[in-house]
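Listed after this line are the structures, all set down as structure tokens.
Next, two complexes with subunit A in common: one pairs it with subunit B, the other with subunit C.
Presenting the complex of A and B:
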């Protein structure tokens, strides 16, 4: 237990360093750093309805981040959450388009199935390239992100194009209201239930099954796991598929919930934020749920900043990037400091 | 034929400069995924510097200084704080993408593209049809040669490789691997600034947000495809550029008969193919553990 407390403290220290770097960047760019942080905290946590907004952004992020946890724990850097998220949403949109007119209790499950399958398949090809040939999954999944953006542009300006849409941003036809699982405000019992189910299943998978134990071991020492007779191929491919399916699920939730339609280039920071959440939470599912709410708040502040406070929303991207820069740091200096501090805490 | 070669040179040159930065970092033992961020910082600083100071030379200097400072920050996080290189590199890329957007917004008040009055010096009329290319295109082979000499024919290059491949051995002969990595990343910062400058200021002289569009990651892929060798990586970068140029060419020739988006996807597909091929030929990432961790002994 103390070990996890130390890791929480370590994360907090590096997040503070990252925020200091952000403050520096804001000042150099000519903004007042205290004002910027105050506006961000206001937008994220203090304004009325902030919790609802944090949930609206945090729940899909949690679903994707839970998938990232699975693949990172197994030792695979699946950076392609964004692409898998897009492809999931696209497949769900196609399913909704083809089944349009059927009753909702058929269409909605079909969309979810399509979305999760799409995301899983988009994670599977880098997984196979990695496991069969050793092709570096960092690059292939990154390229998968760029390819998915192109597919999204193609779909929203081609097969699923909304002919009545405005010229500014290509988008698909809006979903029939009967097929939506939430209003545009974005939080509904259905979405909460999906996120809770994902949380419970992933927690059980990680902590209570052979797969969870073996994949965690494989991430730390793949050779040992192979020698103990486990199939690295099965564990690896399963972790790619699960993480892709969850990202696809999040894409489907965003499509059928708050968004209601596909728009080209929607939520471009989703995958990166999800990776960040998984890392800040130190790859634990419970931690991911808590951290996702925090980053959900930040994501909602990205919309609040330009409209209410007149500040650029790229401030949120910078905060996320700075945290990513520092979050995996495990400096001896900080560890020694924490250890001494803990010892002193016990003796006095 | 000339215009095809010009198009290839135009898209290849920025990629080659950034690839060289990646090669040097790779030799010193660092998987440099921050190339994309450094490249866009260089591109943005060149254009904004030209607009604000009016001189391309001071703009280039500003771009280099910014990229070197960012490289030192990256080095500090990876070497001193022992952060995971892949995640820290992605963080650096995010800082570059977000920071350039913020800079444009804070100076011009909007996210629209910024156009600079002057660009890099051009080759001039004596090169005929190639006269519209920038001087950095002509210097590119020289830089490749210089990096090759530096890495493969000097004592410094040997020490750099030792710092990356076997830090313990390097230390035993009095080489400080950490300092070698710092030097490698700083040289890389200069090269990324040049690559970004060529991208933004070599032909059209404008900056728009996210204009690198994954080129930094392609450069990283070229490093792997080229097995960390400067010449090999340069040819890998040329290959990606040629595929991209073929796409644009095909669009001009076939027009609407070829789907436009498929052609846009070609360079990314070529990158995946390159990574797969180099893994098949040379054996890929074998052990899962240790990837992204700095080798220290």
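Presenting the complex of A and C:
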């Protein structure tokens, strides 16, 4: 218990330091730091509609991040969430295109099935390569990302091209409104329900199944579970497939919800933000939900930065990057600080 | 100690805590200059922590440490080094890719620039003076352990160490190597270096040390007392403490190192040829792999209630044999049966379901996941016998783990603590509690007492004997012939992947030794 409290504190300290640093940088660059903070807090949570926007960005991120948690816990660094997200969206778009005209209660589940299967398959081949021949999954999943971007460009400018498109950005024909699960505004009960279901199932999988305990052990020491009689093939491949399927699910949600169409190069940072979220949350599902909403809030705040603080909206990328930097740079100083704190009996 | 010898090191009320675990508490002790002091105790008694506190690697929470009467700022390796304190670690710390000369220079770091040849000749003289038989140009990774240790000690002496601390230096050495080390230590004493040596074999303490101090449960229970005034039995009692179960005579004898141990229980071993064997290997061969020589034509039978010892110089196929029995190395020819069930092609999961249990060679790699919680480590075997998606209740598992660990006398504070926070003996007990359950039929114990102190060693032997009394078949792999001859009902010797000899009691050390090295026949 104390372990997880400390890790949340640790993450919070890092985020505060990162924000302070950004404030410093922006004020040196001639912007107003207090305005920046106000824009972030307002834009993320306080303004009317801000919370909805936070959910709009946060829920798909949570779905992908939950998948990342599953593979990272098992010790496989599937950093291909972005590619699996794209392939999932592409497969769902194809399904919607082929089944166009059929009633929504058939098309929507079929799209979800197609999207999850697509994402799962896109994670499966690096998984098989890793487990069969030891090919580093970091390399193969990263390659998978690049491939998926190319496939997306091809699909949006070829098979699914919208002939009436503006030409600025290649995209598919918009989905029939009957097949959409939310408006362009972004949140709907369906999406919330999907995210909640994912949350419940993944929490159960991680915390209440033999798979959860064993994959956690395998992630920390694969040799040990092998000597206990585990087949890494089963645990490992299942982790890849689940994590890919969730990224594909998030892709489907984005396609059939807020986006409504497949656009070349849409949401290019989704998968990487999800990885960041999973790491900040220390690979816990509950933590992932909280952190995903926080990052959803930041994404929503990006819209307010230009209005309130006069900053370009891409400033939010700088803030994200600063947080990533601080979280990943396992600071000895902060860790020692927290350890001393604990040693003195600050927590029981 | 009110002797008029000069005190070189004085500790007052030193205490160290790691999180919730008290590693050392209220240790007040002083050591006289120019002598050899032994510090002994069971695993987890605080020996290594004590060494680390003195050498500045850990900072004590209470107390003070004085060198030559001056207070040593704690938790600072450089300060300790300047005061003349050097620690030689239990596991070696020299960079493997360095040459000997580079490693030595790394410790000295005088800021001057040398050519490769200049560096090597500089250190060659130094090493020669210390009687370290090594070429300064050799790479650390190419050195045998004995030489490596000598180099470690030589490196520690570079900076004019006046107090040298050796943490379990004999753990990695052969008996011969240990003799050489002891000569080296005596030589150091002659040139005026004070040596504190942490040991856990009583025989070695009495062979080398002038005084001995005993730690138990993080506290000083005795000493330093003159070794001339104490005998092995008394020392064993001090180390284990009054609470432990009394040692059987043969255990005590083996622990204190007298070779003529009685094989009391062997006389009663009935004729078991008629009993169906638990494990049977028929002409088993494996393909070559990176883990030592392949098995060739191994025939092996272990019957219920029997401990079969597997002796041999390390690296002669023992590892492959254990892996073949555990389905981790593929059997290319032959047949393996467990309890009459042909498992030649079966997975480890199936074999474990048939009653196979394995205490692996590498406790910290193959046996436990050090960064996972105790309860996770403990429940892994059981969870693997269920479908992957079956539901588990962690609270229930934690409770049962706690009960099991208590029953096995593991010292831990919480089942959610990491396995890596336990000492070697306690970690091994966690493995025992997992692998020696009631359903176990065949227990493969690979080096189960390596690196353990006498209390934990006796505990392991006791557990093996109890499992044997329950009717388990046990295969004990050990490089300690004393251990094998003491507790095994039968001994086979492996050489280059083959079984080259089978021995029954009374054992002849010379015969077994000859078989191990291949000079017989």
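Here is the rule we use: the second predicted complex is superposed on the first by the 307 of 348 C-alpha atoms of A that agree within 3 Å, B and C clash if a C-alpha of one lies under 4 Å from a C-alpha of the other, contacts with A are read in each partner's own complex, and residues count from 1 in each chain.
Criterion: contacts are C-beta pairs under 8 Å (C-beta built on N, C-alpha and C of every residue); 3 or more make two chains touch, one makes a residue touch a chain.
For clarity, every value in this text was computed on a predicted model and none was experimentally measured.
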Contacts of A:13 with subunit B and subunit C, given as first, second, both or neither: neither
Subunit B versus subunit C as contact partner of A:238, first or second or both or neither: second
Touched partner set for A:140, first subunit B, second subunit C, both or neither: first
Touched partner set for A:99, first subunit B, second subunit C, both or neither: neither
Subunit B versus subunit C as contact partner of A:223, first or second or both or neither: both
Contacts of A:25 with subunit B and subunit C, given as first, second, both or neither: first
Larger contact residue set on subunit A - subunit B or subunit C: B
Partner chain(s) touched by A:209 [first = subunit B, second = subunit C, both, neither]: second
Contacts of A:41 with subunit B and subunit C, given as first, second, both or neither: neither
Subunit B versus subunit C as contact partner of A:128, first or second or both or neither: neither
Footprint overlap on subunit A, where subunit B in one structure and subunit C in the other make contact: 220-221, 223
Touching residues on subunit A, where the partner in the complex is subunit B: 14, 21, 25-26, 29-31, 74-77, 79, 129-130, 133-140, 142-144, 146-147, 150-151, 153-154, 158, 218-223, 272, 275, 279, 312, 314-315, 317-318, 320-332
Of subunit B, residues touching subunit A in the complex: 33, 73-74, 77, 80-84, 86-88, 90-95, 97-99, 101-103, 105-107, 213-214, 217, 220-221, 224, 259, 261, 264-265, 268-269, 271-272, 275-276, 278-280, 283-289, 291-292
Touch list for subunit C against partner subunit A, complex: 17, 19, 326, 328, 347-349, 351-352, 358, 360, 362, 365-372, 376-377, 379-381, 383-384, 386-394, 397, 416
Subunit A residues touching subunit C - in the complex, by the definition given at the top: 1, 3, 204, 207-214, 216-217, 220-221, 223-231, 234-235, 238, 342-343
